[in-house]
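Lettered A, B, C and D in written order, each chain numbered from 1.
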Amino acid sequence: MIHLSDVYQSYATGTRALQGINLRIEDGEFVFLVGPSGSGKSTIIKLIIAELLPTAGRVTVNGYNTTKMRASEVPYLRRTIGVVFQDFRLIEKKTVYENVAFAMRIVGASPQEIRNRVAYVLDLVGLAHKARRKPTELSGGEQQRVSIARALVNNPSLIIADEPTGNLDPDRSLEIMMLLEHINSLGTTVLVVTHEKELVNQFNQRVVAIDGGLIVSDRTGGYYQYEQYENRYKHPGESTPEPTEQPEQPEQPEQSDEQQA
Amino acid sequence: MIHLSDVYQSYATGTRALQGINLRIEDGEFVFLVGPSGSGKSTIIKLIIAELLPTAGRVTVNGYNTTKMRASEVPYLRRTIGVVFQDFRLIEKKTVYENVAFAMRIVGASPQEIRNRVAYVLDLVGLAHKARRKPTELSGGEQQRVSIARALVNNPSLIIADEPTGNLDPDRSLEIMMLLEHINSLGTTVLVVTHEKELVNQFNQRVVAIDGGLIVSDRTGGYYQYEQYENRYKHPGESTPEPTEQPEQPEQPEQSDEQQA
Amino acid sequence: MNNRHNFAYFFREGVQGIFTHGFMSFASVSVITTCLVLTGTVVLLMLTLTGTIDELGSVGDIRAYVDETLSDENAAALETTLRAIDNVSGVDFIDRARGLNELKEQLGENSTLLDGLENDNPLRNCYRVWVTDIGDYQDTVLAVENTRGIAQVYASVDAVSELQRLRNILGVASLTFVIMLGMVSIFLISNTIKLATFDRREEIGIMKIIGATDGFVRAPFFIESLILSVTAAVIAFVLQWIIGDAIVESALSSLTFMKVASFRDFLLPYLGAFVGTALIIGVLGSLLSIRKFLRV
Amino acid sequence: MNNRHNFAYFFREGVQGIFTHGFMSFASVSVITTCLVLTGTVVLLMLTLTGTIDELGSVGDIRAYVDETLSDENAAALETTLRAIDNVSGVDFIDRARGLNELKEQLGENSTLLDGLENDNPLRNCYRVWVTDIGDYQDTVLAVENTRGIAQVYASVDAVSELQRLRNILGVASLTFVIMLGMVSIFLISNTIKLATFDRREEIGIMKIIGATDGFVRAPFFIESLILSVTAAVIAFVLQWIIGDAIVESALSSLTFMKVASFRDFLLPYLGAFVGTALIIGVLGSLLSIRKFLRV
């Protein structure tokens, strides 16, 4: 279970990334988190895995209160979550196999288990034949799939995926989403950050939309209203593409004023 | 003008990424390059900017033959091209402003020109207010837009974008694509790698599809046939998602056999 | 959970790490080796220097004149008594005839002054006594004076105490220099190790973010730096042996009055010091360096 | 195209680079400084050592006996002639009375042998002559011998030539040690610089891939390492000054027979050597280290 209550997050640079988030995701749910670039989606994920502590508010994940837990407990929280990172976060010096196996080693799996399970998940993402490659020797989409394999390998009770299909072709993307839905149907909570409208629309699931650090919509089925942002963009080439830009207040996340107003 | 003739590319690991590519892109064209993950799209880009030399075949770009040019000429070829990299390739220690300005400095632009032009392109991608941030302080989509800004800043005669909207919301994505089309209409050659079917379908442009290191389709208008790959995927969760996997021949790019057969 | 599996993994990772971070490993080992050998060589030279001064100290001999009432035989018999005194390293009996000869030599051009004394030798029998440790010179002089049958003792107490002061000062100076060199080495080594581990901050961050405990991240590092440190210490030891032998055989040994310290006399202390230093700086240093990257 | 703009950029980047790569810069500067000061201090100690040996050489004085046909006044007048000889650093006239006293002192317990000679002093007037450079000892002895009025000369040619050999050997040994230390320093410094620039391979790769020429990438590095090297050299110079003064004032200077080399006598050579070394190793080293990253 994920519970963010009244969460504010300001970065050291002064950027107010989250401005009062209340979000509750029950065990077994499947949730899409959508929103424009820079709206705070990845920040929410960082809060959930205790990579960040909220400036204000409370974050509870799988029974751990991240603001109150001891540093030594953090690894145990993280082991209950499988995360696909937007920037993959693969260890460059290790092979694909070792990158995935590492997640199992830290929980003390036996070599036998590791061998079987890693081979299985690499197969699942279609990378069995790249097991001995290093991440730098892979294409963008392949790296993304390694990240997905690593997130799945420990059968975590919660899977979080930040743009898991940003570098994948439509077939692959659909395949990965269906895989996540299938895993969800077996009881795992799934939270997917994505901006692929078409993909979201193919699933009848809960969609949480965030903008300017605030939740602007939370309903089941369908992508958030495209129209509600329509008036904010002009055709590029015509003067300023974003009229709400505020270069005078460089530390403010985009459009935050609009949201607060 | 880009001209790849009979280009083969094998990586040191033995992966045969390109298996005989013939591609000609005339000055002023707008081309989408599409294909599944690992099919060789980024490899083609690496060949065009002389980051790689082809194992066999000839690559000619803007009058430079990359296989025959001297090492000292490579920077001058690269300056004629603006590239949006799939992994952004931003300099972590420099600010957003400096990352973009750097591309102008290397061609010897005056401080005055740099100030004006960098401010303009940052504004164009909606990052004027993040000018003084470092890449690590940006969201994924923001980093992608910095990469786009850098590619545009020198008004190059050729723009290459590798998944330029992989981390962007639909609004932003459309905006960026329209921006590229607009730039193209002013005479710049544009080559866009993307897997966003919807986006491609909104533009009536040439689409080159690549799979397994070979060009499998090259026509104007519409995304490559989804159906032709359909039979290759099963529903995930049911045994192996990719029946054509060949773990016994780990060095072979995916599906290459199918293409050659 | 399953520490047996983990240990195998840690060990494998530790060994692999050395090769994956090839240049980093090379840099660390070579800097540790270099600093150990540098300090070791300076210690050897310092030992040579202080050893030589001690040797020079024995030049400050004690002259003990025998009571003239003793017969020549009795006088000669005193040698055993003198030898038995603590801190006495050597005794030389100079009978009256030899004493006169030495006196003549000493006078050089004025030796004619002593002509004709051979038949009526007015000198007394005499002992020249050398000490082992000039630090206890005065006590030894006293003991010789108190020996029955010794009438008078001439000792260069002033000269010896001057030499003693020199030795002490040089000893302190050498020690200071070696300690400073040691500190410089520690600084250089830890600097190198910090730079070498700096390259791993991302890797460590990723490990932590997917749920590895600090201990789990540290273990392969520990084994890796253990292996590197011991390797460096052993290489340094072998190099030091070669250099030590070279010093002995080199120019210095052709100076007969120098007491050249041989590395072979200090094999165990050196091995201990090298391995100990390498382990402490190498392992502790690398574990401390990664500590700040663990805070993720 | 516009080199004026570029130069401003290079300079700004070079200066900024120092701060952006804070720890790297600190590590490089501190290692360069440390190695310079270490080598510098050892050179200073070596100068002290060889200087002291030269000093000791003057102990090997020359005794020149004056012809007894010369009157005491004429004998005393010889002093100016002797002083005028090349390489003579000091001259001491020992007339016959003083000679006898010294002889008595020398004989110690046997001085009674000389009793009664005061009134009929058989000794000759004598000069004690010290030399500046024991290297030319034998020539000086010859010159003294050839001085009109000097009847006989006693010189410890053997002892002095032994000392001279010692000085030569120690000189070679010191030089060897300093050169080895210098090489070790170069190794340590270039190692550190390599590690420090290693962190920049990605940055350099990105610069190259967007069309920067090698020269353009290198220029800020050049300026940065120039500033770092000169800073290191200046810090080392100041530190060396402090350490040099400390050596002079420390224990060593309380040993009056030691000729302690003062840093203040070598300010310019040291400054030149420090800046030169730092520039060559620092700048060349960092430019060479980035060279392999430029191949993109």
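Brief remarks follow.
The criterion applied here is as follows: contacts are C-beta pairs under 8 Å (C-beta built on N, C-alpha and C of every residue); 3 or more make two chains touch, one makes a residue touch a chain.
Just so we're clear, the structure is a prediction, and the values are computed from it rather than from any experiment.
This structure's chain pair with the greatest number of C-beta contacts is A-B. With chains reduced to the mean position of their C-alpha atoms, the one farthest from subunit C is B. Between the CA-based centres of subunit B and subunit D the separation comes to 64 Å, rounded to the whole angstrom.
Centre-to-centre spacing of subunit A and subunit B amounts to 25 Å, using the average Cα coordinate of each chain.
Of all residues in subunit D, none touches two or more other chains. Residue positions of subunit B with contacts to 2 or more other chains are absent. The touch graph of these protein chains is a ring, one cycle where each chain has exactly two neighbours.
Working note: touching chain pairs come out as A-B, A-C, B-D, C-D.
On the side of subunit C, the complex with subunit D involves touching residues 23-24, 27, 30-31, 34, 38, 45, 65, 103, 106-110, 112-114, 117, 122-124, 152, 154, 165-166, 169, 172-173, 177, 181, 184, 187-188, 191-192, 194-196, 198-199, 250-252, 254-255.
Every residue of subunit C that touches subunit A in the complex is listed here, in rising order: 1-3, 5-6, 8-9, 20-21, 202-203, 206-214, 216, 296. Across the interface of their complex, subunit A is touched by residues 11, 13, 15, 34-38, 41-42, 86-87, 123-126, 128-133, 137-142, 144-145, 162-163, 166-173, 175-176, 178-179, 182, 195-198, 223, 226, 229-230, 232-233, 235-237, 240-242, 245-247, 249-252, 254 of subunit B.
For subunit A in complex with subunit C, the touching residues are 49, 51, 72, 75-79, 81, 83, 85, 89-93, 102-103, 105-111, 150.
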